[in-house]
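In what follows, subunit A forms one complex with subunit B and a second complex with subunit C.
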Partner chain A sequence: MFLIFALITLIGALAMFRQRNLIAAGLCLVLSFIGVSGLFLLLSNPVAAALQIIVYSGAIVVLVLFVIMLLNAHEEEPMEKRRLIQRWSGAGVVAILGAGAFWVVASSKALHPTNVNPTINPTTLGQLGTHLFRQHVVAFEAIGLLLLASMVAAVALVKRDL
Partner chain B sequence: MTNSFWLDIVQGGLSGYILLAFMLFVIGLATVLIRRSLLMQFMGVELMLNAANVALLAFGRFKNGDVEATTFYLFIIAVAACEAAVGLALIVGLYRHRQTTDSDRANDLRF
Partner chain C sequence: MDSLAQLLHLTPATLWMIVKVLLVFGGPFTIASLLTWVERRGSAMIQDRIGPNRAALFGKWRLLGLPQIVADGIKAFLKEDLVPPHAVGILFWLAPLFAFVPAVLGFAVIPFGQSFTIGNTQYHMSLLDPGNGMGMLYPMAIGAVAIYGVLTAAWSSNNKWSILGGMRVSAQMISYELAMSLAVVAIFMRTGNAGPPTFLEAYDPHRIVAAQAGLWNVIPQFLGFVVFSTCMFAETNRLPFDFAEGESEIVAGYLTEFGSMKFALMYLSEYVHIVTAAALIVTLYLGGWQIPFVADPGALLSVAAFLAKLLIVCWVFIWVRWTLPRFRYDQLMALGWKVMLPLALGNLMLHAWWMHRAAM
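Our next item is the complex of A and B:
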């Protein structure tokens, strides 16, 4: 099961990276997010899986697709001029960072003494709510304020004559 | 790179989740650095954020910090929603001024 969901996730992400059409790239991103939510189910965390589907593949990707259609930017614009140095240095930075991160992850001591069978009691919404409102009430209110501030900022950025 | 390392990955142990998160992160990073469209770069950022979430929840499950990890996942989602709203507003604003969503063409500091 893990391999199936991991493959769905990676194929969706790679298809998004290779895709020319931006709408199709957004749909590939949805596929990848659905794979990630399957992984969260395998981690016996149904709350996170539901949130992943609702917020990411529901809200955020729909927002991105709306903007793509609004700006009529279905295809990537043709290159202004070939910027070979930037292109290849970008690929080089990805390769170097990827190799370094792989080395760090694979040699990490935290990974090796793993128990393959973790405890099988799923996280419930009740546990989460109790924890959220007992330990993190201030952060919860701050997140509310942050959402309000970002909403105001988004409106102020786009509105022409404020 | 012992045999048990690869077995752990195939069976869906902690190493498997961390390796998957790492590969997702590299794909997102490549999208941000190589693709030119700002909207594609935005989707790459979302992918990198998801890689971090996968790593967080996997560590939470395997190191017995499940409820705490899910709480932080909730906060990360809220911040991601804020980032999506402001980022898309910036892209729309740039398009209004310059009629482009190509990050190569937005290379002046002045409008």
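Our next item is the complex of A and C:
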């Protein structure tokens, strides 16, 4: 099962990069998100799986696709001229970064089983809410403020004459 | 049930699972195909016409036009499957599937009857047993994905009207999903507060139905009921919100380029959506399978009660379609953001305040 969902996720992500067509790329992204939510289900966390689908596939990608349709980008992007130097240097940088990330993850303490027994495990909505509003309330409010500020900024940028 | 399971060399649990799968897939389909007939006859009744009455079984029995369903099905199968040359190949083929699969999946968590016990085993009347952890989040997630059927259909048709329809519907569904979710959150709050503590989460539909034993949610949450039903009309793209099709403005919207069985699939999935939406309204607000003044209706009677409520709500969907005119697009957006969202927020605040008062 893990292999199936992991393959769905990876194939969706790869297909998204290979697509020249924006809308089809968005649909591939949704496929990848569905794979991720399947992985959450395998980790026996149905709430995270449902939220993944509601928030990401249901709201964010739909908004992105809507904007793409609104901007009328129906034509496929034309192939650009091949820039070999940029391409290989980009691949090299990605390889170095990937290796670094892998090294950091592999050597981190998080991989070893900890002795701390988690008192709250957020696999239901109630526990998730308790967790968010008890332990992480400051971060939660800060994110709220940040989002509000970005929304105000977006409105101010678009509507010059309020 | 045990003897039947033994006859089929299955455990009773497996047999019940198979029966449930058949019920949950077959039931909404049957109701949906009947609804196409009800819609045509009902609209004729409302508009003082006769409606389809020519199709007849073996040329003899007209049965109030019921054979029309069969005739339409055969017609859709036998028609030429036309793919316009400018359509985006694979997406054009996948679009009916994207519309159809979420419509079918949505019904899985809805409890359509009272759980019953035979021997030592308890059998639950919903495809996903209570305590699965998804609860009401599941139909909301499915409803959020359902939009891709319309979007893919609109975009792959590569047609201005289709794309207009798709754009309208994506904006509309996103706007109304907010108010809908807020209305449902108020129900979770009430359910979590009411009744004896159980192992079920407050957003489990079984618990929501059980909590409505004394009083259906529609009475304390009337505001939420109004908001949720309106949003359900918008989510299923029914009049007065059917901007995805809007036949007087954009031909048939996202359906313009679809013919034969592809069209039939998309059309049928619209009706399955209506059945699911009606089932959600019944489960959340109209007491699910509960019957007033009957504490323990039993398995069969509770299914009958659920079915009766479901059919009444479905009829309301059709009734509204043929009596209300379509909104203008700006009116739709104004209604969604300036009326429905504040109402849903107010409803939430009101219930939070009530619960706070009661707890003090």
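Convention: the second predicted complex is superposed on the first by the 124 of 162 C-alpha atoms of A that agree within 3 Å, B and C clash if a C-alpha of one lies under 4 Å from a C-alpha of the other, contacts with A are read in each partner's own complex, and residues count from 1 in each chain.
The definition used in the following text is that contacts are C-beta pairs under 8 Å (C-beta built on N, C-alpha and C of every residue); 3 or more make two chains touch, one makes a residue touch a chain.
The shown structure was predicted, so the numbers you read here are calculated from the model rather than taken from an experiment.
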Considering only touches as defined above, state whether A:63 meets subunit B (first), subunit C (second), both or neither. both
Is A:87 touching anything from subunit B or subunit C once the two structures are fitted on A? First, second, both or neither. first
Is A:47 touching anything from subunit B or subunit C once the two structures are fitted on A? First, second, both or neither. both
Just to be sure I read the superposition right, which of the two partners does A:8 touch: subunit B = first, subunit C = second, or both, or neither? neither
With the two structures laid over each other on chain A, which partner does A:24 touch: subunit B (first), subunit C (second), both, or neither? second
In the superposed model, does subunit B or subunit C contact more residues of subunit A? B
In subunit A, both subunit B and subunit C touch residues 44-45, 47, 51, 59, 63, 70, 123
Of all residues in subunit B, which touch subunit A in the complex? 1, 5, 8, 10-20, 22-31, 33-37, 39-40, 42-44, 46-47, 50, 53-54, 57-58, 60-62, 64, 66-68, 70-71, 73-75, 77-86, 88-93, 95-96, 100-102, 104-105
Of all residues in subunit C, those that touch subunit A in their complex: 88, 91, 132-135, 137-138, 140-141, 143-145, 147-148, 151-152, 155, 158, 163, 166-167, 170-171, 173-174, 177, 188, 192, 201-203
So in the complex, the part of subunit A that touches subunit C is made up of which residues? 21, 23-24, 27, 30, 34, 44-47, 49-51, 53-54, 57-59, 62-63, 65-66, 69-70, 74, 123-126
In the complex, go through subunit A and note every residue touching subunit B. 1-3, 6, 9-10, 13-14, 16-17, 22, 25-26, 29, 32-33, 36, 39-40, 42-45, 47-48, 51-52, 55-56, 59-60, 63-64, 67-68, 70-71, 73, 76-77, 79-80, 83, 86-87, 90-91, 93-94, 97-98, 101-102, 105-106, 111-112, 114-116, 118-119, 123, 127-128, 131-132, 135-136, 139, 143, 146-147, 149-151, 153-155, 157-158, 160
